[in-house]
Amino acid sequence: MREYLAYFVKRIGLSIFVLLGLSIVIFTISRIVPGDPARISLGANATEEAVELLREEMHLNDPLPLQYVYWLGSALQGDFGDSLVTKRPVATDIKEFLPASLELIFLAALIHIIFGMILGIVSAKNNGRWPDTVIRIFSYIGIAAPPFVMAVLLLLVFGYWIPILPSIGGRLTPGIIVPTVTGFVSIDSILAGNFAALRDNFAHLILPALALALGNMFQEARITRSTMVDNSEKDYILMMRAQGVGSRLINSKYLFKPSVIPTISIMALDFSSMFCNAFLVETIFTYPGLSRYAINAMLRNDLNAVCAVVLILGVVFIIANIVVDIIVSILDPRISIGAGGN
Amino acid sequence: MEKHVENQDQDIVLDIKNLKKYFYMPKGVVVHAVEGVNLQLKRGETLGLVGESGSGKSTIAYDVIGMYKPTSGEIIFNGEPLHPDIHKRPLKQKGDMQIVFQDPGSSMNPRATIETNLAFPIKRHGGLKDRQAIHERALELLRFVGLPEEYAQKYPRSIGGGERQLACIARALASNPKLIILDEPTSALDVSIQAKVIRQLIDLQKELNLSYLFITHDLSLMRNLATKVAILYLGRLCEIAETAEFYSTPMHPYTQMLLSSIPVVTEEEENLRPVKLESRGEIPNPANMPTGCGFHTRCSRCMEICKTQHPQMKEVSPGHFVCCHAIEGKPVDTEAAVL
Amino acid sequence: MEKNGSFEIKDLKISYKVFNGELQVVDGMNLRLNSGERMGLVGEAGCGKTTTLKSVLGILPSNAVISSGEVLFNGEDVLKFDNKKMQEFRKKNCAMIFQDPSSALNPIFKVKDLMMNGMRNSLAKSKDWKKVAYEKAVSSLRDVMLPDPERIMENYPFQLSGGMRQRVCIAMAIATDRHLLLADEPTTSLDVTIQEQILKLIYKLSIEKKLSVILVTHSMGVIREMTDRVSVMYAGTVMEVGDTKDVLESPQHPYTKALIACIPKLTGSGVAEGIPGRVPDYLNPPKGCRYVDRCPYATAICREEKPKLTDCGKNHQIACHNCGR
Amino acid sequence: GGGANVPNSSSSSTGNGSTGGGESLVRMAISDVPVVDPAVAITESALILYPNVYDSLVWPQADGSVVNGMAESYTASEDGKSFDFVLRKGILFHDGTEVLAEDVKYSMDRAIEIGQGLGFLFANKVASTQVVDDYTVRFNLNAPSGVFITSLVRLYIVNKDLLEANYQDGPYGDKGDYGMTYLQNTDAGCGAYEVELYEQNQAITVKKFADYWDGFEANNPERAKFMNVDETVTQVTMMSNRELEISNPYLALETYEQLDAIEGIEIAGFYKGDLMALSTNTKRAPMDCEHLRKALAYCIDYDTLINTLYPGSYRANSCVPTTVMGYDDKAVNVSFDMEKAAAELAQSKYADTIGDYEIEIAWVANCPDREKIALMLQANAAQLGINLSIYEVPWASIVDTSASPETTYHMVTVITAPDYTEAGCLFETCFSDVEHGNPNTMSWAGSPELDAKIADAVATLDSDEREQKYIDLQEEFMDSMPMIPLFEQRFQYAYQAGYLEWTIANQPVPAIMGANVILRDMLIYPEKK
Amino acid sequence: MEKIQKRPQSVRSLTWKKRWYRFSRNYMSVIGLVIVALVVIMAIFAKWITPYPEHAGAFTDFANANTAPSAAHIFGTDNSGRDIFTRVVFAFRNALKMAVIVLTISVPVGSVLGIIAGIRQGTWIDTVIMRFTDIFLSVPSMILALAIASILKPNMTNAMLAITVSWWPWYCRLTYSTARSISRENYVRYAELTGGSFAHIIFKEILPNCVSPILTKMTLDVGWVIMTGASLSYVGLGEQAPIPALGNMISSGIKYLPDQWWNTIFPALGIIVIILGFNLLGDGVSDLLAVEEE
């Protein structure tokens, strides 16, 4: 336990350093571009006085390093300034949109992990036979189709041709209202005992989640398959078999566990790639998540929001990485978490 | 004494003086890999360094060659002290001293042909620039170690382990070295191939007047190869003697234990082995050294003093040194010893 | 099942399918072993020792093909066993010690888990099998002279030294009683002192429990100390087989002779030349005797025809056309 | 903060609104969800929302005039510098308090002081606002203005007491944030609808305000939901699933055809004074050459534009929409003629060097048809050796770049719409000499002389005289082509005609933004769904 | 001179023959190679093999807009009457151009930095390089690319710049770990002990051993760069009209779904095919470059 604590402290220390670096990079980029953030923020018709007022407030008349210090200072207090797009504090926006994105991405991750693993196992067990071939062909295509293309195709199929899913856009069908507690509609609707809402929420999530998950899912199936095939001829499996251990026990435990470690250790990367892809997928499905918010912010030069979102995503990924590392270290005793970077 | 040393200087290629090497691990653990070792190697001779796994054999070799910086102690090579930092050693010194590693798999660049692998020391130390000359020198070296010339264009992985080891020896010869450190060069090979490699080494030594620091754990092999044998246990020397003396009258309990454990093929050999000593336990962890004599935990002749005090090196007969409380002899000053 | 524990390999041929053809690795392997006997199997690296042993337990890699031959245990052909019988055979009759201890233990499970589940099937189905298994595991760890077995049970393989890992493997193989032990170079990675301890242990078991052992090794010395009989294998065939003493003292086959000459002796009699050449290319092995390219006595017939194992003394056979010359 | 989006009053409405079935709800796609503060936001979607949740003293009419709204009557002083308005009695804010002259004054002061949003319409004009009595308010202007009354259609009255009770920290001294935080997600108006649920960036739902002073018709929708739905695909899907009643007006022509083909969906077209034009940056080389601008104007195939790309729209020959008072049909006189274009180019000072320049033309993202205009111009201009590069730019970035002549794109496809229905409004917003640009001033054609003339025209009280001055002005400065007017656009909305009656569909509407999406003009028959 | 020139040549070609044999045994890699070869050839000769090369530039023909696939326009025409097949082929060309430029900049930069840090592991050089890399790796590359591209002016050059900035750290990390493990190999130690210079160790000992993972990743990355580029251009941050790019073709085509499906489907298939090709080839490349085993 103490090792874990020490590891946390070390990792968090490093992460803070990395985040500081990231904040400098992103802040600098955002402030050296031409354009007056105050004017951008207030829009075309605002009077000059109003703009000047805001400029003072944003410290735009100070030198850049000082601006950074001010910005960082308030960012640390959770104040990233106001968003141009929504006219609200960016922090409020993030608090609202991040759960939506996370909800979507968690569902996508669930699909990707579970079905990826199942497909991989099925494929490995049928190594060389037709289910394997079918899964592999699908994998090749699935991996090659970018999620936004996948999104368009899913929309075409389930939006027009076989319109079985209720609607696109939003997290719930208009009219269904669930009191906000956690910000995760699914959890909130469970808390409220409103299972109709849960179902509805799921119906809204499933297509974008699929669009996000499919590529990664096939990727995972491929990795799981190949590690399982490789590992099944390792001495340690042969040894088990030679001892007369039942093949079900071997497959489900001694072969499975070492084979999923590679998959799990790239999970943080998968998670981050899903966040990336969510940028377009949320836009296509008009899903009100952080990624869509971010892309709007980016397209509209909403610099406060861009900086904040990039930083927040940085934090999210650092957490994701730490979590994945811990899971891997629990699964794989060879990786001693105390040893840190070495 | 002083004079004596100077006289010998011409002849002594390598002189290791009170060498210590500690590894500082996380959480304050200190591994005493080498703990005050004195060794001397004369020109044209082979010093056999024997010990169990983890006893510090490779560490001594790496200290000499410059891969590790010794914690303390001095290494004199050809009469000049070696700088602990490899980057500060003169190029000539690097060429005069070569190493052959245990693992034939990783000692040559797998992406380059044998010739390309040989080309580097040829260029660097042979001073050759012309491609034709380098090519010819590479072929010459291969012939030298008894490999066919076609091997120059092969990749290391496509030839056998023994041949690869011979190629490594050829590479080591490229800089016309005085000393070759051989870190278990044959322990990964079959006996038949080992025989080939060892034969080649012996022939080369005669031809080129090379000195070998030969590391191994195979005492039978050592018998046929070394001029002098040193036994290492937990980073300390237990016994050093000329080969014949060493095998005819092994003194240290550990040496006896090792010799008695060797499986042998013929009856003659069996008769040469000391009386069967029950081998017990295994080598302790150098990070957690036992007090006193390192061997007392396994020694059948362990006395009280062994548990508290490390014995001093003693000369039992000329050139035969033993480090054991149970053995009588002339104590030797470890700081200035000539072993 | 009749329990005389006899074991025989007859004319076994195994090849590996690789991208550019078939490696005909084991080529007409023959081996006979009586109950309680210790048989040595020596040979250079890559001559098919491991392949032979793996075929007995049915754990060959997927690209291996057994093209002909029989493996008879108690008169039954193991190669024809169905899954269930094979499982039974593995559980009850045959154990194997793998060559490389660092890869034979699943790296992410504790020794405890590996040992107990390894035994699980061979133990009678009882409710407290866990307890029984644990106890058995601890005692067999103690048997292989590992200090503090309870602690080792809680360790992961990577936390043990090579020697300890090898002994864990051995402990797993001997934890439950079986009739046949296939020991594939059980001591190569060990120091001489430890090697001695382990070999003694196997010897003791073989005597006490009437365990038949096939001991694969490179080392003639080990053969001499451990075994009753020895088979000298070269490139997938047995070249010479006989009582250990006989073979070592008066080897008949040119290969055995050369091999023994290569062994450095404690007497200091110098180092031999080594056997010229290499193990043949298994893709296109020589048609006749596989040793032909390295044999100083090779004649025309050696190239043409495979020699058969023929008697050349009491309990002593060699496969050579020049037998007796 | 506005994290939780459950208004206190929603408990009564959630019960009956949980199924989509027979609800009296109008859902409309808009490009983003505005804040509900008329002194802050000025996006198109905001301008759709405001007339529904707020009310104004006067209401715009399709013919360009205004009629009394909240005002019972008004009088102007002789010099045209002071206006007295008498409020109707008994008008209630959504919180049930009565609208008084105080509130009108407060609304005007607030708009000016905040200076964002619609405040600019009044900022330099209104000198002071006086409360004469509870129901009478007086506006004093800096200069006489003939257009002031018309501009009051954009003064949305907010609830003074309510906002004062909700001040938070902010830069406006003792007024704190002036209630801006409060108005982010709720309203303080007295319009026919009140904000019920505000879902950040996603949707805003309004519901009928039962006590609205002007009352409702029987089938006016109970609720309306303005949803942030951009993507065409999504809109089409939702329309065909009857999850959306009204589309946004920026779909591609093909999409309207496709929607029209769906049973029950029809297209409503409006001319609301939206003039599609190419602004030309007259301060940036090489567009600073008048001949080049004219050459480009000759490169445009107007017939194709009107007939093929924007059917239903008509040709505009001026910088003023045809439906606005003061439009001059002869201000611009060009047609598609590559020869004339070549001739103009030959006169340009850049005639020889034009190939070295890259002329940027930006079109507003999410309006796919506008790309075609750019493509057409690009293809034709290429024949003259003029290199046009096309950028798809989000509106916000256009706003951003339009701050200075250096950063403004050479050409931008813009729609200019008046904030009130007179040419003078456009002159003021597009050509008055400002330091800081905005999307209306991307031509950078303003000058002090022009300013003076505009001011003079606008101050003219007599409307006929004013109109003549507008016409003269147009002819004078459109001669140098500071913008290339293309056509007046027919705005098209697909709507669920099967169960939604949009009473003003395809009828003339006031030529200001948002005037066509008035919920009280809609009748919904949920049972027909 | 001549003599030695020739001999290594023949050995090399033999090795390559063997490798090619290994590669061609995997028919998936061969399919990948065929796809990639076709795409590259189409891209290079786009001007000659497309029926309407002028449609890839400033061109409109509104009378022919949105016609379904036919003999004259096998993929149909888009909203401005341009031949979609032509535009897809030119989009391939632009996508490949982008991938090549991005990779030729980011691969050497990232690889060399990674190798230097890997060799000097544990020193301040390692710390500086790898922490700097960590900063870039702390945010997913596409988000970084989007953020940078959105701040800059939207065009191809800036999109490439943005992708490059977010791409090199991956190569840095790749070669770092390879270099770290290789620098413990005996042959590198030998070179060091025998007086090999820093440059010798980087370029002669370590780099050749990183080439295989780098090339494999590069081949795969061509696909991913193209995808990232397409994503950027989908949101309007890449190539600008009228220049065809796969992303902007899809994003403008999506507005015409489902009736004018050809506007979207063909560019979408284009992306899938091109990424598929490079993925398949990438698998083969690692086979092709695997070290010779006995």
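A few remarks follow.
Letters A, B, C, D and E mark the chains in the order given here, with residues in each chain numbered from 1 onward.
Methods note: a residue touches a chain if its C-beta (ideal position, glycine included) is under 8 Å from a C-beta of that chain, and two chains touch if they have at least 3 such contacts.
Quick caveat, the model's predicted, so the values are computed rather than measured.
Each step here moves to a touching chain, and the least such steps from subunit C to subunit E number 1.
When C-beta pairs in contact are tallied for each pair of chains, A-D comes out on top.
When each chain is reduced to the average of its Cα atoms, B sits farthest from subunit A. If you average the CA atoms of subunit A and of subunit E, the two centres end up 24 Å from each other.
For this pair, subunit B with subunit D, the centres built from the Cα atoms lie 90 Å apart. Per-chain CA centroids place subunit A at a distance of 53 Å from subunit C. Centre-to-centre separation of subunit D and subunit E, using mean CA positions: 46 Å.
Residue positions of subunit C with contacts to 2 or more other chains are absent. Contact with two or more other chains is made by residues 160 of subunit B.
Touching two or more other chains at once are residues 152, 155, 160, 283-284, 299, 301 of subunit A.
Touching pairs of chains, sorted by label, consist of A-C, A-D, A-E, B-C, B-E, C-E, D-E.
The part of subunit A that touches subunit D in the complex is made up of residues 34-36, 39-40, 42-51, 53-54, 56-57, 84-88, 92-93, 95-97, 152, 155, 159-160, 163, 166-170, 173-177, 179-180, 196, 283-286, 288, 293, 296, 299-302. Residues 65-67, 86, 91, 94-95, 98-99, 101, 103, 106-113, 115, 117, 120-121, 124-125, 131-132, 135, 153-155, 157-160, 171, 175 of subunit B are the ones touching subunit E in the complex.
The residues of subunit D lying in touch with subunit E in their complex are 231-233, 236, 251-252, 254-255, 258, 304, 308-309, 365, 368, 371-372, 374-376, 378-379, 381-382, 388-394. Subunit E contributes residues 1, 4, 7-8, 11, 15, 185-187, 189-196, 200, 204-205, 208-209, 211, 291-294 to its touches with subunit B in the complex. Within the complex formed with subunit D, the subunit E residues making contact are 57-60, 62-63, 65-66, 79-80, 154-155, 236, 240-242, 248, 252, 254-260.
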